[in-house]
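Read through the structures below before going on.
Both complexes shown next keep chain A, but they swap its partner, so chain B is in the first and chain C is in the second.
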Partner chain A sequence: MFSNLRSLWIVFLHLFRKRETVEYPEEKTELPARWRGRIVLTRDPDYEERCVGCYLCAAACPVDCISLQATEDENGRRYPEFFRINFSRCIFCGYCEEACPTYAIQLIPDFEMAEYDRQNLVYEKEDLLIEGQGKYHGYNFYKEAGVDFGVKKKGEGENENKPVDVRKLMP
Partner chain B sequence: MAKIIIDNKEYESDESKNLLEACLSLGLDLPYFCWHPELDSIGACRQCAVIKYKDEDDTKGKLVMACLEPVTDKVRISLEVDEAKQFRADNIEALMINHPHDCPVCDEGGECHLQDMTVMSGHNYRRYRFKKRTHTNQYLGPFINHEMNRCIQCYRCVRFYKDYAGGKDLDVFGAHDDIYFGRHEPGTLENEFSGNLVEICPTGVFTDKTLKKHYTRKWDLTNAPSVCHNCGLGCNIIASERYGGIRRILSRYNGDVNGYFLCDRGRFGYEYVNSKKRIQFPFKKQNNSLVQIEKKQAIQEIRKVAEGKKLIGIGSPKASLESNFLLRQWVGAKNFYAGIPETEGKLIQKVIEIVKSGKVNVPSLNEVKSYDAVFILGEDVTNTAPMLALNLRQAVRNTPKEQAAGLNIPVWNDAAVREVVQGNTGPFYIAAAQATKLDEVATQTYRAHPDDVARLGQAVAHAINPELPETDCSKEAGKLAESIAGALLDAKKPLIVAGTSLYSRAIIEAAANIAFALKEKEKDAGLFYVAPEVNSVGLFLISDKFLDQAFENVNQNDDAVLIVLENDLYRRTDKNSVDNFLQDYNDIIVLAYLENATTQHATYVLPAGTFAEADGTVINNEGRAQRFYQVHVPENDVESSWKWLQEIMPVGTAESTIHFENIVYNLVKTFPDLEGIQSVAPPADYRKGTQKIPREPHRYTGRTAMHTNINVSEPKPPEDTDSALSFTMEGYSGIPTAAITPFYWSPGWNSAQAINKYQIEVGGELHGGNSGVRLFDKKNSNIGYFKNITKTFSPQKGEWYALPLYHIFGSDELSAQSPAVNERLPKPYIALNNSDAWEAGVKEGDLLGIVLQGETLKLPVKLNTGLTKGTIGLPKGLKETVGTRFPFWITFKKIKDE
Partner chain C sequence: MNEGVLHTLVAFGILVVLLTIAAGLIWLERRLLALWQDRYGPNRVGPFGLFQVMADMIKIFFKEDWIPGFADKKVFVIAPAMLVITILMSFAIVPFTPEIMVVDLNIGILFFLAMSSLGAYSVVLGGWSSNNKYSLLGAIRGAAQMISYEVFMGMSLMGVVIMAGSLNMTDIVIAQKKMWFIIPQFIGFVIFFIGGVAEAHRLPFDIVEAESELIAGYHSEYSGLKFGLFFVGEYLGITLISALITTLFFGGWLGFGFLPPVFWFLLKTFAFIMVFILLRAALPRPRYDQLMSLGWKILLPLSLLNLLVTGAIVLYFQ
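On to the complex of A and B.
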């Protein structure tokens, strides 16, 4: 009996608390930076596409809603020829972001993607690619990797020695 | 059998093996890099470490490399003790110190043996804080991409390329931790088997350049078990597709055919499938040009055109048995022609007659490796049947290898065996019309006109069996014949190799005679004939009429309809005859893969499926029937020719609606010789448990996005009613029977090395047996010696005998149209005997004018090709020489340089 009255009392007190619900959509709530919403493809500090077309995000995706084809420019630099996410299937789990070795694919705090026509939920690279680096700044995969794809020469990476001269005779 | 104790569990193993092989064969996961079942052990990578105990009481044991320790009875080892595990993890860590941060852009990723072994060994965190060593890369030609940073110095590449395949232009350079695997200078890798580096190299140093251009990860490919269509050997391949295009070819292990390897024509000659010249929809001739029409319209119109008319069918050695058979059934046996000129067809028939007789053993391609003396007659195998050349190179080492066995060196101890063998070779004789690449390992070579090659063969047969007719040859040739006969008789397993490429029946007969004679001497002799195309043998098992006969039976009343199946007649014989023949018909229906000279004359062209879009059975040179499966369902109208034929046949024809398997059934009913092809592969209703075998790995991605650019509602995946395979990733996930294994994968083994798990014993037979059925085993007919001896060739003044010279890249029609292979085509030339050239006053590179099929060609002279006096050589199958019917007499004129 007492506990029932106590519960009623607590509920009653809540009438005078600050409201948690907001008048969405007139009023918007602040979302944390790591909120898993709309997916974007970002660019590296040199304004090039970050995605190297490694297919890891597609492999991680539990609903298989990412599809892409890798291609390369005249220097061999890999990038996606097309990159498609079917948001009508996406469950915003963030596995793709976790799998991405280049910080290219990121989930951002935007969830307002509703559409009347499901077809409009199919996003192509043009729809996904943003102008900036997103949440993670300063990383350019091609400067860390060993390959010379026109971004840095062999041996000019941060953690690299000059290429070996196989013809040298020194021990 | 020996008892071995691994981690306190008892197992049985074969004493001829090493411990690594034994562990892998038992299904245990022991990491390794440098060992390979075909290359054996050298102990370079130190990854396969285990602890070996002295006896029962030894608790400490010592660390050994499993690949260098023989299996002995009661040997006790441990894979799991901490010392062994720690050593393996440390070893990987050391290998990884200089490894680049490349996986995301490395084409090996997802099927990388190094990734697999790193995970297996438990190294997962980089502690080394200093800088990485780097290497520059080399351009290695259109097939192979080089990324030297990724090397772990296992030496597999050079051991395969130099020691196994006889390559000269890949080596190891530098010293200590700077060693470099590459060429002495950037340039195209010359060896015909360079593509195997892609699978041999456990890392991403050597990768497939054709795949790189349209890169897809292994897990995203739709795969089918298939058969290489680029020569008559029928090597087994895995063909893979993504987004409607064929992406790459890998070797499909078959211990009876190609083993682990493929030649570069087979591996890189697939791209014609994706060509812009592909016929993708039906076409109809209107106002002298071909216009695309609807499939329905094509079917209706063709049915109407063919109604009540006499039909003439031209089959093809490139098409499956089923397609050829269905055409034959429709047009009637007497109107069905093999689509090959008589000169070539008769030879194939002869080969079939001899092989079918079962008089001597016809070894499988892989069995060739076990012979210890070889005599090749006339065939330039490196260019006409490349994988045979690779296997013959292994056979050459058998005799010297015995020496090593005599010294108690185990056969798997590659470094020691090589030390003993050095450059020594066993008895290996080549009689050919020109110099061949295998000459470098030959004991002795003999270069002569095909007739004289055959005469040498007959002389050898006579030397083995004196009752055979004698050949009066030069003293030199006589002596050679004696020594060849002696060597063949001394050997345990002598092998005779011949083929159809020089258009010489005498060579085929002489080869048979030698083998027959050896057999009579109780020798375990083998006779291996090279057949020209993938289904040459199959075609002549169901037809006995040649193209020439079709040409003779002119279409008198202008009322017959000609149907040409997957065959460009302009490649088969001279332009004039084909022109005349085709002119005779008002209605010509051509089923073709690519636009070609024949499709230009068609009234209807139908898009025929290549190996990538069709199911079918083909029969290789040894009489082995093998099934190939459709890789994917294309979005255009391309499909198996037999399906097209069913659709354009009159409604109500019995054959028009039957299932694939009933076509096979009818085939066997009509041709009892083909008994056995029903069991080449499991039937379409075969299920593993209740499930089909998926063509896609379980990690296949993008299913709910790849088609959504067209429509967000995903289409139902296509169904395969013709086979036990499915076009999806759902289905049985274990190891299916060999004939329907679309890819290799096993938990923890993502690379091609997963094949270990599909074999009963590593390097041995596949679970459920290797695939393919040999049709001619156990057949016995009485075939006697061939007693006709050809006359010796006499050179003519002012006239030369033109012989075909074959090129692995170029002589085959379809592979040559693949961009990467196309880069490797030879420039057209005319090859001359050196003294002929000297007499005619021409030098290397001078232009000579010849008339081929009424057209004058200017060709540069090539010398030093080993041709004999009175003969010239022209490259077979190039654009300039296509349709030329070899051999023939020709004259040439020197063209004055202006």
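On to the complex of A and C.
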């Protein structure tokens, strides 16, 4: 009996507590930097596309919402011909970001992507590709590794030694 | 304007106000529950979310009004109407002020008890006619709960009747001019309050509905307007019990001079409605057998004792 009255009183006191509710459209929460929201394709510091069309993201995707077609430019550098994410299927698991070898595909803290028409949730490459580098700054895959695709000459990459002249390699 | 027309107008006005209050309570309850759970509750539709009720009404009007094929159709339709009718009938004897009341019956309390007994039929018939085992379980519980709580709810009021020397509600209010009956009849008040919560089958005594056990109990099969009637009936029931507590134990319209009597009445009633909602926010539902044993083993002897002592004291001082 007494405990009932006590709980009545305690619940009544909640009238004067601070509300937990965030009144969303007017008042927005700050999302953590690692929040897994909208998926973007980023560019490297030289404003070129980071994506090399390796299909790893599409393979990692558990709901098969990523579809792309790789192609090459005149230097032999690979890039996606089209890159399509169906956000009506996407579950925002972030596996594509984990799979990506070049930091091209990234999930950013933004969830406000509701649409009235389901078809509008299919994002094409021009919708996905952003102007900046996303969460990972200063990284350029072609500077780190790979052969000459018009980005750097052989042996000029970061952390890369000059090529060895095998004919002078004497014991 | 002659007497008859005025009286009809007053009765009609009371009806409109009651239904508005009952509908508004849906909003009030949601807001208050939210506040007690550190939320805001519905605050989007209109100022403070007041039009939420209207939105709900529109929604419920457009819902499919479906009668299950296996139900007993006539009884199924009558049951929700019965609940609302009996409760509205009970309001006839509530004196809001000396002027604003539907009928000044000299058997006022008896009439209320009769009507609330009839209200039990609505629950029982609703559950029975749904032809659904959960509804039937709810109805069985409802029958047991409402009939047994009826007994000592009536008993607890007899103390008030002895002190006022009348069953008439107006006389009872006037008898409280010196002292509200809450003080001499505190036990009676507690028992009546508990019985009232059980009678309105409100939480924590919503054994009849018990969402977690019986889906929605006796009204599982109801939808659309018929469900709406049960819903409004529940809030009317809360209002009725609060109004009666106000009248019988808290001096009805009596108050201090600076406010009109009807305002005092509404103030007290709303305070009790809020207590009802607070009960819902704070207390868990007892088990069915706990409810019954509380009723028969504690409340009934207490109410008899209260009756005995009150009677003895009144006789002694005569």
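Descriptive notes on the structure:
As a convention for this text, the second predicted complex is superposed on the first by the 146 of 171 C-alpha atoms of A that agree within 3 Å, B and C clash if a C-alpha of one lies under 4 Å from a C-alpha of the other, contacts with A are read in each partner's own complex, and residues count from 1 in each chain.
The rule is simple: contacts are C-beta pairs under 8 Å (C-beta built on N, C-alpha and C of every residue); 3 or more make two chains touch, one makes a residue touch a chain.
Because the structure is predicted, anything quoted here is derived from the model rather than measured.
Contact with neither chain B nor chain C is seen for A:D73 once the two complexes are overlaid on the shared chain. More chain A residues lie in contact with B than with the other chain of the pair chain B and chain C. Of the two partner chains placed by the overlay, only chain B lies in contact with A:V164; chain C stays clear of it.
By the touch criterion defined above, A:D46 reaches neither chain B nor chain C.
In the superposed model, A:E98 lies in contact with neither chain B nor chain C.
By the touch criterion defined above, A:F12 reaches chain C but does not reach chain B. Of the two partner chains placed around the shared chain by superposition, neither chain B nor chain C is touched by A:D110.
Of the two partner chains placed by the overlay, only chain C lies in contact with A:E20; chain B stays clear of it. By the touch rule above, chain A contacts chain B in their complex via residues 52-56, 58-59, 61, 63-72, 78, 82, 84-86, 88-89, 101-102, 118-119, 121-122, 124, 141, 144-149, 154-155, 157, 159-164, 166-167, 171.
Within the complex formed with chain A, the chain B residues making contact are 100-105, 109-110, 131-137, 147, 149-150, 173-176, 178-180, 212, 214-217, 219-220, 242-243, 699-706, 708-709, 711-713. Interface residues of chain A facing chain C in the complex, by the touch rule stated above, are 4, 7-8, 10-12, 14-15, 17-21, 23.
Note for the complex: chain C touches chain A at residues 35-40, 278-279, 281-283.
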